[in-house]
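These notes are about the structure you will find just below.
A, B, C, D, E and F are the chain letters, set down in written order, and residue numbers restart from 1 in every chain.
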Amino acid sequence: MIYITRKASFNAAHKLARPDWDEDKNLEVFGKCSNPNWHGHNYSLYVTVKGEVSPETGFLVDLKWLKHLTNELVVDKIDHKNINLDVDFMKGKLASTENLAIAIWDQLFAAIAKSGAILHCIKIYETENNYVEFFG
Amino acid sequence: MIYITRKASFNAAHKLARPDWDEDKNLEVFGKCSNPNWHGHNYSLYVTVKGEVSPETGFLVDLKWLKHLTNELVVDKIDHKNINLDVDFMKGKLASTENLAIAIWDQLFAAIAKSGAILHCIKIYETENNYVEFFG
Amino acid sequence: MIYITRKASFNAAHKLARPDWDEDKNLEVFGKCSNPNWHGHNYSLYVTVKGEVSPETGFLVDLKWLKHLTNELVVDKIDHKNINLDVDFMKGKLASTENLAIAIWDQLFAAIAKSGAILHCIKIYETENNYVEFFG
Amino acid sequence: MIYITRKASFNAAHKLARPDWDEDKNLEVFGKCSNPNWHGHNYSLYVTVKGEVSPETGFLVDLKWLKHLTNELVVDKIDHKNINLDVDFMKGKLASTENLAIAIWDQLFAAIAKSGAILHCIKIYETENNYVEFFG
Amino acid sequence: MIYITRKASFNAAHKLARPDWDEDKNLEVFGKCSNPNWHGHNYSLYVTVKGEVSPETGFLVDLKWLKHLTNELVVDKIDHKNINLDVDFMKGKLASTENLAIAIWDQLFAAIAKSGAILHCIKIYETENNYVEFFG
Amino acid sequence: MIYITRKASFNAAHKLARPDWDEDKNLEVFGKCSNPNWHGHNYSLYVTVKGEVSPETGFLVDLKWLKHLTNELVVDKIDHKNINLDVDFMKGKLASTENLAIAIWDQLFAAIAKSGAILHCIKIYETENNYVEFFG
């Protein structure tokens, strides 16, 4: 069993705010992250898959394939977008990094499984000082 | 003459779009950076000042002072904000990194000059792959 | 189950030396790390907690709370200090990164447990070339 | 049980190509990585060992020892070399990062076990955007 | 006058060796960098241009254009290649980072000048521990 | 004219405190940096030299030579040491990063000049958030 990880990046706007709460309540719970006019981040996304090395290629998976899959199912949908407003797989969810990691797992798990590899971890840096990991 | 630099960070939303152009024209010129619903970045800001070392303290400037000044005049106004909508010193300007660097220079130059040091450079990373420098 | 990590930093002096050994013996075992006049590091501390995402907030824990807790129980006691002489939770211990990781775990475990989340890992970089992880 | 990691670096040439395939087939499978005249990387290698902290030294292992062992058994054999042509422990293997991680594990496992510590993970960055981990 | 920098990356093989010297002489002068079977690096390239900000766009230059130009004239010719054997603009030159910086300057200067901006600096990291800058 | 830079690192203890001031006065001026029991840093040192590229070697200077010179004249004297107490070239000086940069310039300037290259800049990071540059 070997683990291989591919990093991707996307730049997006978001806010942490429940639509069923007013601004004061959102400010109380989410602080400056609730700014009604949005803020944003350079997100770094690490997709880790695991499985057996192919004796034919020396690869677990072709990283170009993993890159294109991640771009198609995640990056193209979220890069230079508003996570709360523009991203289909985040509709109706609070735009926290925790929820983002789980939603990206759900975007990728089945598509990766078709290759014979298994999705192991979604890791997202929101800033260089904090990151979330989800293992399913 | 010695040069000392302090790094600060802020996370903000923006878009590149002229209000006097329609969406198609903005998309043609600014590409995905013109997304009407915004996107955002983790900006890194490097403030470089120059001058003589004080024989009394061994300092050019007290970095705590430079940090507090940068926070007061720049970071507190832009962190977790929308650069186009929320930031007084960017009002009426296109929210490019070039214009941001010039505007931050204007925010800091006179206040730093009062300390006896001279502002030398404002450097802003928008992503890890591109940055702007302004020397006045 | 989701994992979230917050990075903190502190700058401290230390030496690796047993008070019951003489300088030659300490030099033999600990090399230049035993310098009697101390040396120091910029330590990076990663605190990882795990648990369930709150459906109300989309959070595992409020990162501002985790930051303040880490500052109160660890960073304020060790930053710009001498680990061997000034830090209550390291009294009587060899100031190795291994012992530091275990001591910081003990500082944080119970306080984090009160939040409903569980401390998962303490990771400390002493330099960019070496780090220690402790999982309890 | 504690985990300690030491980073090493090496700069090497390689190509991904099976000698029993022609250039066209290698190009089809391995893309630009199959360039017959080689390409190369700055590899970063992270060696993680686990075990008990010695009450006498506060160490799991002496990092100078781990550094010298890694240099002797790995870095000196691969740094500024061609992985396909010059490296004894990669002879007859496809020079993928996956195979490299497994081969470095095999180089180090027994030698580390003699110290009382246990090799836990070999992690190799080929570029800043992808890395492989092997846990045995 | 404002300065804007775009980072690019390429992975390449090379050796430092004069064809008119024998292996011993090359080893004496260039050390392990003269390995006849090549070694390689992940190079980071920073292209800095300078000029006036356009009042119409807030841009000095469109970074997408600068990226495409750098890819066309430099990265596509050198990425996953052998600098000594495969790269037209390095033919007949010693493959040092110094010569590479000068050659990349010559590749880009005139093409950038057509945009109205001026090439200011070519900076190349060969490893994270050394880099070369050329200002023309 | 070309510029080449070599990075070195050293880990050292220091404090900012004038011996002719009492603890209260030092605390007032230097804050937590005046801690009587010292603190410390992982310093990063960038030595930049400039000059002409040799047509014989493609080098401005041999980086191995620059590394050994920097080690001999700077790193070996300061790494794992106390800057205030152990370092001959800092004796009698306040251990600020500004004074350290100037003192390292004085250590290296004449020795580098003998090679035909010219020392251009000493840049020191005290933490990842602040650095000093001295150009003579």
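Assume a contact is a pair of C-beta atoms (placed from the backbone, for glycine too) under 8 Å apart; a residue touches a chain by one contact, two chains touch by 3 or more.
Given the structure is predicted, the values throughout are model-derived calculations rather than measurements.
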Contact distance in steps, from chain A to chain F: 2
Shortest path length from chain D to chain F (each step joins two touching chains): 2
Intersection of contact partners for chain A and chain D: C
Interface composition of copies chain C and chain F: same or different, split at half: same
Matching chain pair for A-D (criterion: over half of the contact pairs shared, by residue number), options D-E, C-D or C-F: C-D
Chain whose average C-alpha position is farthest from chain E's own: C
Chain of greatest Cα-centre distance to chain F: A
Separation of chain E from chain F, taking each centre as the mean of its C-alpha atoms, in whole Å: 29
Residues of chain A touching at least two other chains: 128
Which chain pairs touch, all of them: A-B, A-C, A-D, B-E, B-F, C-D, C-F, D-E, E-F
Chain F-touching residues of chain E, taken from the complex the two chains share: 16, 29-31, 93-99, 101-102, 128-135
Residue numbers on chain B that touch chain A, as the complex places them: 9, 11-14, 32-33, 35, 37-42, 79-82, 85-86, 127-128
Contact set on chain A toward chain D in their complex: 1-7, 48, 53, 57-60, 63-64
